[in-house]
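Let me begin by handing over the structure; questions about it come next.
Each chain gets a letter, A, B, C, D and E, in the order it is written, and its residues are counted from 1.
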Amino acid sequence: MHISRFGSVASRHKVQLGAALSAVALAVTGLAVPNATAAPKPITIGISVSLSGDFSGDGKATQQGYKIWATWQNAHGGILGRPVVLKFLSDASSPTQVVTNYQKFITSDKVDFVLGPYSTKLTKPASDIANRYHYVMLEGIGGGPSVFSRGLKNVFDVSASATYQLVTYAKWLAATQKPQPIAYATMDDPFIQPMVDFAKAYLDKKGFTDAVYKVYPAETTDFSPIASAVAASGAKIAILGTMPPDGYSMIQNFIQAKYNPEQLILASGPDQGADFTKSVGITNTEGIMVPNTWIPTSNYPGNKDMVALYIKTYGGDINAINADVPEAFAAGQVLAQAVNKVGSTSNVKLQAYLHSGAKFTSVQGPVQFAPDGENSGAAPYVFQWQKGQYVPVLPLGGPDKVSPIETLRPAWGTTPGM
Amino acid sequence: MLVLQAIIEGVLVGGFYALMAAGLTLVFGVMDIVNFAIGALIVLGAYLSYSITTHFHIDPFVSLIFTTPLMTALGMFIYVFLIKPIKTNKVVMSLLTMFAVATLIEGILDICYNSGFVQIHASYINNSLRIGKLNFPLIYVLSFLLSAFLLSCLYLVTYRTKFGRSLRASMQNPVAARLVGIDTDRVSMITLGIGIGLAAIGGMIFGTTNAFNASSSYDIISRLLVIVILGGFGSVGGALVAAIFMLVIQDVVAVVWSPVWGSTAFYMILMLVLLVRPQGLFGKKGVRAQ
Amino acid sequence: MLTLSGVFAGYGGGDILRGVDLTVEKGSITCVVGPNGAGKSTLLKVVSGLLVPRLGSVTFQGESIAGKSPQAILKGGIVQVMQARSLFPDLTVRENIELGAFLINDQKIVQQRFNEILDQFPMVKDRLKDKAGSLSGGQQRTVEFARALMLDPALVVLDEPSMGLEPKAAAAMYGYVRQMREHGRTVLLVEQNVRAGLGLATHGVVLEAGRVRLTGTGKEILENPQMKVLYLGGSTQTE
Amino acid sequence: MSTDTTISQRPTPPSYEVPKAIRYGALTVGFLVLVIFPLVFNNPTISTIGVFAMIFLMAVTGWNIFSGYTGYIALGHAVFFGIGQYATAMLASYWQIPPGWETFLLIPVSMFLAGLAAIPIGLIVLRVRKHTFIVLTIALMFIFQLFAYNLRGWTGGSQGLEVSQPPWDGSIFNLPYYYVGLFLAIIAIVTSFMIRRSKFGLSLLAIRDDEDRARSLGINTRNSKLTAFVISAIFLGAAGCMYAMFVGSVYPQFSFDPAFDLELSIMAFAGGLGTILGPSLGALIISGAQQYFLITFGGANVFLIVYGALFILILRLLPGGVVPAISDKWRSHVVRKEQRILDSELEGPAEAGAHK
Amino acid sequence: MTLLGVEGIVKNYGGIQALRNCTMNFQEGAINGLIGPNGSGKTTLFNVMTGYETPDSGKVTFRGKDITNSTPDEVFAAGIGRTFQLTRIFPRLTVIENVHIAAQRKGLVAQMRQWSQPDERARALESLDFVGLTKLSREPAGSLSYGQQKLLEFAFIMVAEPKVMLLDEPAGGVNPTLLKHLGGRIKELNKTGVTFIIVEHDMEFVMGICDQVSVMHQGSALLEGKPEIVRNDPAVLEAYLGTDMTEVN
């Protein structure tokens, strides 16, 4: 079976119809397939990932996402009919090394394209380097607002903008509930804090008040005083700007403090699948919400393949997939679609095309770039853990079918059916 | 009430920090070494307990029976092969050596555990005791009790056993210690063993109360150093008081004002105390003219 | 009992002992005197194993001890009381004394010795629970003596037992030294107070510039006219 | 007074130092290599590593002026590195400096501010010694990091700040940074050299060996330490400014980084703490090797293991550092030569020295 | 005229009384010897006079000014230099660098100039020549022998040209030839107006060069006088050899 390149979304959907299994089968033999003919020169893509240091956990997930995308893309004809070869370098979570790494990709390795590293902090220097050499930087995991406020024309984020991720929930809240006090606690982080602050600004305008608002430093290891402060506020709704590990600790502290909010939404953490359920215990997950740009079970192009490939390659189940994986995967998808459309490896043309308002598809949903490079086409989802399942509940009226939202969380440890 | 709750939490967590700091301060007192690897060693201890609990389904507290001797042996190994050979500029060379050890450990853990966040589990981890409106998380209470128990053991060992005597003697007068027949090298080796063995226990506690990965060590080390300085190098009691004092202040500032300023207060207190008492809260003035 | 022959020893640069020949008879109190810098303390360090001699032999009861570790020498039966600050100030008197028996593992023997020593040093009994650092100079010395006897040594080496003490306290120390001999121990001591030291000693040794200058009984040495030359300089003629 | 004449007629003492010709020759060659380096290796990857090497070069040389000479191991000099970065980022936007050459004018400003900040900081931390000093400097660094997080009105908090980069072409982009960096690094080395041979430098070394004795010999130890601290901070400020301009973004986490000082001390130790060129050599080798290592084998995550193991090996094999090891080698070479001459002279009447 | 004096100094260490109401005066322009048996408090007195120890009570005066609570550097700046019984040199610096440390300079600009200015260098070499260490001038001071370190310490104090030099056992470990030479130079320096206070156990040396000898015993002044008188005073010998206290009991 040979699959030619497919330039349109429609034809890709056809491929989608061939179930996940066929893609997996392809992935195994996939690399050999495009080489059946004259072995075209591969398309090289350079990516710096954090394999050690502070970001190493997410760095590795990012790398997995990119790798799976490359496998999948090659199984689907590569880019411009040429196979995709990824080059990874570790940056040890340091901006110094990020600068050097992207210089190397562009000037020594002369890669055709680059994709973004993990985190807002590293995306900023990386995009400067790319800009210097007129390279486009597509990324999905570094969408802090400060990346886009610098006037760079070459950065594009395929994920929903950080600033709007919690607004979906805020809008729903303002529309359905009476104004009441809300407890906020957020990590001091360029990606996370804006999420909470935007939601808070929105809710403040709608008459909601803050029962408590605490910003905690990134290196906090003991969350009990913060959790106590939130618990003591007695607010029925808690909005937390957490990264995965502190989200788990925070929930644990809530349980210990017997604080049982009716609605609990975390910026990230509950989206981490098995990591989350193992850390907080499956029986405590009921009703916890999290915004996300990706639905594991969605029918967006490539998603089922990605999930199958991931499970085949790295094991685990659908819920074990870190959100970094589809974010990286989506960046690759958009790159492939755009380059195939442009028809050349010219980054200048690519940049112009990405700014043209063209629409793309990804495992996370539709992508369309605003002038500053943010994805204006994305609609951030809100997920909720219901009966041990991770299900989308918001937005209402979106393209995907969502489950009804549980507005009253049960007591801790009482997940129905668990 | 919130402040009271913060104080209780400060005391409970302070006990754990005191245990860690005790290992650090003993090692300093006997050997003049700042064990910069303590953070990485705590994370190592956490991972060891994690592996044992997940693979053999053993209670984390029981896992200590295996991890503590292992880590103690590691400490002795580090002393014999890395610290003892250092001849010149001991203070800085040992500090850098321990930093290198920390790097090595982090690298190994990173490969073995693939750097995702994990947390040690037990059925009772989310339980808590409630007295009136105050809340005592069970795991914190348990770890505080364990810390208190171990600190008392440490106290008994140092004040009631023969080894303890040789340890205190080596701290106070190494030459005279050799003259009464104490093998000061052996004492140093065992002390580093104890110091690192304690990291196994601290690691277990850290791992049950926090999600962690290989890079989690840096957040621990700076606080421990501050506590040790404030308590006075070499003073276990000082470390206990300093740990509880600092954690209580930090937690109270965190709930009354803001968590970010809680951390700042933590370090500012050190500055202020040292401006008045350069030898720390409980340290002895040890400067001689000749 | 203890024999040094042709011992050269020193720190880093040069030798301080330059060919010391010395014999300590069993059952004697041998007192080494000599001006400052003569090498008395260095000599004791060689005997106790803190310093390894560069040349020469040191034998104790027929066995070579040069270059052995302090512990090994202690086990062999030589205990030294240092010149100053050899107690552990933050440990109690009791702990300090018990540390003297660090090398003995049999608690019965330790307890028995401890009781014997309490009888021997009544002062110690009253202060057992005090920190050693809080004692007066004389008391500290006494504790050091008591500690030294815990191992039941054959040879006790004392470095200036009267240093810095008031006459009365010093006299008490000398009393203890005599007592040790009465208990059958051999004593080697270094003393600045020449008259007192030699008066106490059965054998005297005068060390100067790293060599043994005079030997004899204590009395003989005290009466030797050369002593004044050694101590106050000048020549014997001015006498 | 016959002794007098014999004493003064003694031959001039032999020099155990490596001869001037060799030293200056090596220096000139080293300098020329550094000057033509980015022209020969004109790949921007290599010159990027070169720019970072220059930044570390000036930083470690500055660090060594204080820590190497006085023996006070500071592990909080990231404070001044960070101050340099934040000063650059804040002033560039406050004064609306357009990206380009004008930004480089912030270097002296950053140096001044870092030096200024070093005065009160030095007055506080220099009251204590040894371990307490080490830990106090670390604590100070965390305080500054937390201030950078907390005073978000000025510092942008966790959002960080940025310095817009000039629109220069990639092929020549690194060169101005490299040469300005080289220039500053040379100023740092020359300053270090001048201090080492000055009376002031001698006082610092005396403080390292025996601070109380130095004080009793009339050295104003407090002022000497403080002066060295400030000078050292100035170069860290310069390094911070260069870093902020080159990398383009500033975050509390990276500006006030505990690992930064450890890296500096490793470089200084590997090269030779307290020597003039040792730390520079350490900086060039280690920062270059580290980056090169990561871009060559960085795909694998054995990096930390190899790094840690190598580091332990260096500490074990070269406890004094490279430069002292070389001068020791030279010294034993000279001594052996001398011994041979002396042996042949001793054939004649033995002239015993006054002392051994 | 009294240049440096102590009045009623008391100093206790724990249980030991090192100085008991010690009163002593040292004459300007003289070479003063300070002798006494070990433990009689000579070094403690030096420490008190040079600011290394604060007395429990009593007063130290220099040229009539109270310097009791001055720090070592203030004392040094006032013109009192000292050596230590156990030498305190700078072991990792070379011999010549050691000698330069004490050479005073004022002002930042002067501080920044090369440490070895021609005039200082001349003085430094002269003083090294004087103690016979020229040949070792480029050796690290820590590699010198005990006696050589003593000489080095003397040399670097000399370079600072103090008004008073307090020497704590300058002869310890120094060979006899050089010792004679040292005595000659002390006398020579003394002629230029430098006052000396010398603690020494080598009596021949003390008696040979001192104008005035003070004897300390058990923490206070026993007597004071010309060397010949002191030497033949039975009380001094008594103090040195000690009473046979075994008979007192």
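Simple rule for what comes next: a residue touches a chain if its C-beta (ideal position, glycine included) is under 8 Å from a C-beta of that chain, and two chains touch if they have at least 3 such contacts.
None of the values given here were measured: they were computed from a predicted structure.
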| item | value |
| --- | --- |
| Most remote chain, CA-based centroid, reference being chain D | C |
| Furthest chain, CA centroid comparison against chain E | A |
| For chain B paired with chain D, centre-to-centre distance based on mean C-alpha positions, whole Å | 32 |
| Chain centre separation (chain B, chain C; CA means) in Å | 43 |
| Interchain centroid distance [CA atoms averaged], chain A/chain E, Å | 77 |
| Gap in Å, rounded to a whole number, between the CA centres of chain B and chain A | 37 |
| Numbers and ranges of chain A residues touching at least 2 other chains | 51-52, 54, 56, 188, 217 |
| Overlap residues in chain B, where contacts from two or more other chains coincide | 106-107, 110, 218, 260, 263, 289 |
| Sites on chain E at which at least two other chains make contact | 52, 88, 145, 147-148 |
| Residue numbers on chain A that touch chain B, as the complex places them | 51-54, 56-57, 59-61, 93, 188, 214-217, 219-222, 224-226, 228-229, 231-232, 244-246, 248-249, 252-253, 255-258, 275, 278-279, 281, 284, 412-413 |
| List of chain D residues in touch with chain E within their complex | 1, 3-4, 7-8, 10-11, 13-17, 194-195, 197-203, 205-206, 208-210, 212-221, 353-356 |
| Chain D-touching residues of chain A, taken from the complex the two chains share | 51-52, 54, 56, 88-92, 94-97, 99-101, 103-104, 106-108, 121, 124-125, 128, 131-133, 144-146, 150-151, 188-190, 193-194, 217-218 |
| Residues of chain C defined as touching chain B within the complex | 48, 50, 70-71, 74-75, 80, 82, 85-91, 95, 98-100, 102-103, 147, 151 |
| Interface residues, chain B side, partner chain D - complex | 28, 32, 34, 82, 85-89, 91-93, 95-97, 99-108, 110-111, 218, 222, 225-226, 228-229, 233, 260-261, 263-264, 267-268, 270-271, 274-275, 278-280, 289 |
